[in-house]
Amino acid sequence: MDPVFAFLALLTTAGAVAAVSLRNLVHCALCLVVAFAGLAALYLQLNAQFIGFAQILVYVGAVAILIVFAILLTRGSEPGNQPILSSSWQAGLGVAVLVLGALGVAVASSFVRYYPVSPAPQPTVRELGEQLMTNYVLPLEVIGLLLTAAMIGAVIIAMHEKQGPR
Amino acid sequence: MTPLHQYLFLSALLFGVGLAGALTRRNAIIVLIGIELMLNAANLNFIAFWRFSRHPELATGLMFVLFSIGIAAAEAAVGLALIIAIYRHYRTANLDQFDSMKG
Amino acid sequence: MQEILDQLFVLLKAWLVGFFPLPWQPLVSILISVAALILVFALLFAVATILERKGLGRIQNRYGPNRVGPCGFFQPIADGLKMLIKEDIVPSGADRVVHFLAPIALVAPVLLAFSVLPYGRNMAPIDLDAGIVVFFAVGAGTELAVFMAGWSSRNKYSLLGAMRAIAQMISYEVPLILSSVTVIMIVGSLRPIQIVEAQAGYQGWLPAWHVFTPWGLAGFLLFAIAATAESNRSPFDMPEGESEIVAGYFVEYSGFKFALFFMGEYFGMFAISGLAITLFLGGWHAPLPFLEKSIPSYVWFFVKLFGFIAMFIWLRGTLPRLRVDQLMNFAWKFVLPMTLLNILAAGLWRFLPAGATRWLVCLVILLGAFLALGRSMVARRKWSPRKYRFAE
Amino acid sequence: MLGEGIIKGMTETARNFFGSYIDSDRLVTVQYPEQRLPLKENTRNFPFLVHDGDDPEKGLRCVACKICEKECPPQCIFIVLERDEKGKPQKHPKVFDLDISVCMSCQICVEVCPFDAIKMDTEFELSHDDRFRGLLLDKKQLAKPNHYYHKIHPVEAAEVDERLAAEKAKAEAKAKAAAAPKPAAGPAAATAGKPAAPRQPVPA
């Protein structure tokens, strides 16, 4: 196994496991950032330069900050001494293990194990941009619309309730 | 060069961790973190398949991931806004207590 | 001779790398670049602090530090020694691990940002196709470091400062990126080197820099405003606001960790100035044609960088600190619409035929928007004598 | 127009910046150790003991009456009266200590002193690396000649000298008058001080 890949995989997995298992929510968010950064490095290793940096820009720069803000705004929700797992956690864990097992078996038994390594593609940002403006112009417009709608929606949902039922 | 299936294993592992987090934790924000992890696992799959495809110049996987990142950002914003709105209402982000629709 | 002087550092590096066996050479080349970057910018940091203190002093009709060494120019060494030997205090309620990691997480991304800037002809440490994206991506990493510092200190002032800093940095990151989008649109590349090369050449005496076009000038000014806010410099330094929240997110830091925060702030300023030079001010190109050959390219880059530092100091000496609501209003109601209109102007510039028409069209759009938005910002103020509710 | 004020402010600061290099009157800073402002006539910092003549031990005006020790609000003065072998008081302090880390420069000791023996000094560079011993001044450190007093507070010192001379002349005249009918009147100078009412030093 490639040592760089091994290190990044370990970092990402450790970050992910810590992000869903730690008690302190802010620590969870920070570990999530580690996982995101590890994934971005993996993208770079896979020659997807632009996507890797976009991952850092969006996930580390925006999503992680959003999560941190949400954690601080819902401050009373810190568990304290309560259990951190939900009441039906055994079932959830069982489902997760089943899914992981199924995916693992599927990957292990598929022919991708013998897939040839193709020469490294070097997509330039210019090519990506041209694709976005020609083949993918409709999805691009749709995603613009979606982001606008999501922004307005998020603002309206999170806006202060004037006379909410208490 | 790392073979494809190792990336797929890593991605499956991340997906499993994310799913476990989303299904077992009580806090709504951690559930959202789990969902983000699952999305990222899928993105890793796309990138890996693109890298090992026969026609990487088409950049289909990259495009998909680009859109997926955009959607994930929107999803995180709306999801967190929902959590904040619910928190304001119930004074908790604990999923077990959102049970007013329970029969 | 001039060629050699221009490529002096490139040749020096190639010569040094030549001593090593072939498989090691890429690694050694990177290490030499990293060492050079850290050395040069650490030195620049020292010079900038003393220049800032002296400049601010002169602006306020004082001498500024003038005791250590000739004209006080060894003051940074004394300051550095003081920082190093100070006690490192961690509050007992603090989250020790995060508290320790925060300063490192702040300085490391900024140093990464230095690696994509072209400092002279053939003098970019790494030549990436998506260099500008890298710059913004690592810039986004500093926000998290600020949060880590503010949250882990377990102090309400530092948390408030961190929240202010994050809100401000996110708000101004949007106009920062949008104002640099104009340049990327016109050049058609995200490679810093290509952007600089697109600004080579002269029209008569005027260099073909982007700042000498209507959209470029507007973009440059908007970029400079956003850059000031992004690097938390006065007048946008509420995250540190000494008078309200003591020192913001690094209240609880002392000794060398505090020095790292200080360094991170200055490094951020240098990096973002370097990006502005690359995008709008022609990078390493000389301002006049006959100077292009006679003075090495990297000299021009650093001359422009010093110009930026002087401008930052001048602004800091002049303007009072903004209020949080003023800052947000300014970002979302003035800077953001202006950058969006600027993108429109740049698009028109790209497709209209060269000549007086496109100058006119772009100028009308930008000046009209400036006047209209400026009027709306100014008109909102209704000055009236203050009414005291309890004091009278 | 938006931004006008910024330009105005920037020109103002630029004028200050360049002006401070051209016009040195703008720079109000005093480069302290090399360059000092003349002290004001009424400057006061911590008290000192005035002595007449050259010998600080003999010429000390202080008679160890301990009024200042009693009046001192922060109680920073410590006096021990000198006695000869028989235990007779000598009108001279054996110990006179003043803790300037406690002194609050209120000048009350000066106001109450009936002999004009203690006055306020203008010396302010008193920092010391020993926090306790270094700031506790003893008699030797406190004693300063009268011409030093003239140097630092010329107007006030002239007044004091005048008054002392007048009192002395009066006492001598009285002594002479007393000496004419009764030759053995005792030492005049010693009794002369007592009847003189405690005078307030007149601030100049």
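When the chains are written out, they are named A, B, C and D in that same order, and each has its own residue count from 1.
Definition applied: contacts are C-beta pairs under 8 Å (C-beta built on N, C-alpha and C of every residue); 3 or more make two chains touch, one makes a residue touch a chain.
Because the structure is predicted, anything quoted here is derived from the model rather than measured.
Set against the C-alpha centre of chain C, every other chain centre is closer than that of D. Inter-chain contacts peak for the pair A-B. Here the spacing of chain A and chain B, counted between their Cα centres, is 5 Å. Centre-to-centre separation of chain B and chain D, using mean CA positions: 81 Å. Per-chain CA centroids place chain A at a distance of 30 Å from chain C.
Each chain gets a centre from the mean of its Cα atoms; for chain B and chain C, those two points are 34 Å apart. Looking at chain A, residues 50, 54, 62, 69 sit in touch with two or more other chains.
Contacts between chains trace an open chain of neighbours here, each touching only the next in line. Listed by label, the pairs of touching chains are A-B, A-C, C-D. Here chain A touches chain B in the complex through residues 1-2, 5, 9, 12-13, 16-17, 19-21, 25, 28-29, 32, 35-36, 39, 42-43, 45-48, 50-51, 54-55, 58-59, 62-63, 66-67, 69-71, 73-74, 76-77, 79, 82-87, 89, 91-93, 95-97, 99-100, 103-104, 107-108, 110, 112-113, 115, 117-118, 120-121, 123, 127-128, 131-132, 135-136, 139, 143, 146-147, 149-151, 153-155, 157-158, 160-161, 164-165, going by the rule given at the top. Listing the residues of chain B that touch chain A in their complex gives 1-10, 12-30, 32-34, 36-37, 40, 43-44, 47-48, 50-54, 56-57, 59, 62-63, 65-67, 69-78, 80-85, 87-89, 91-96. Chain C makes touch with chain A in their complex at residues 98, 128-130, 133-134, 136-141, 143-144, 147-148, 151, 159, 163, 166, 170, 173, 188-190. Chain C contributes residues 55, 58-63, 314-315, 317-319, 334, 370-371, 373-375, 377-378 to its touches with chain D in the complex.
Within the complex, the chain A residues that touch chain C are 26-27, 30, 33, 49-50, 53-54, 56-57, 60-62, 64-65, 68-69, 72, 124-126.
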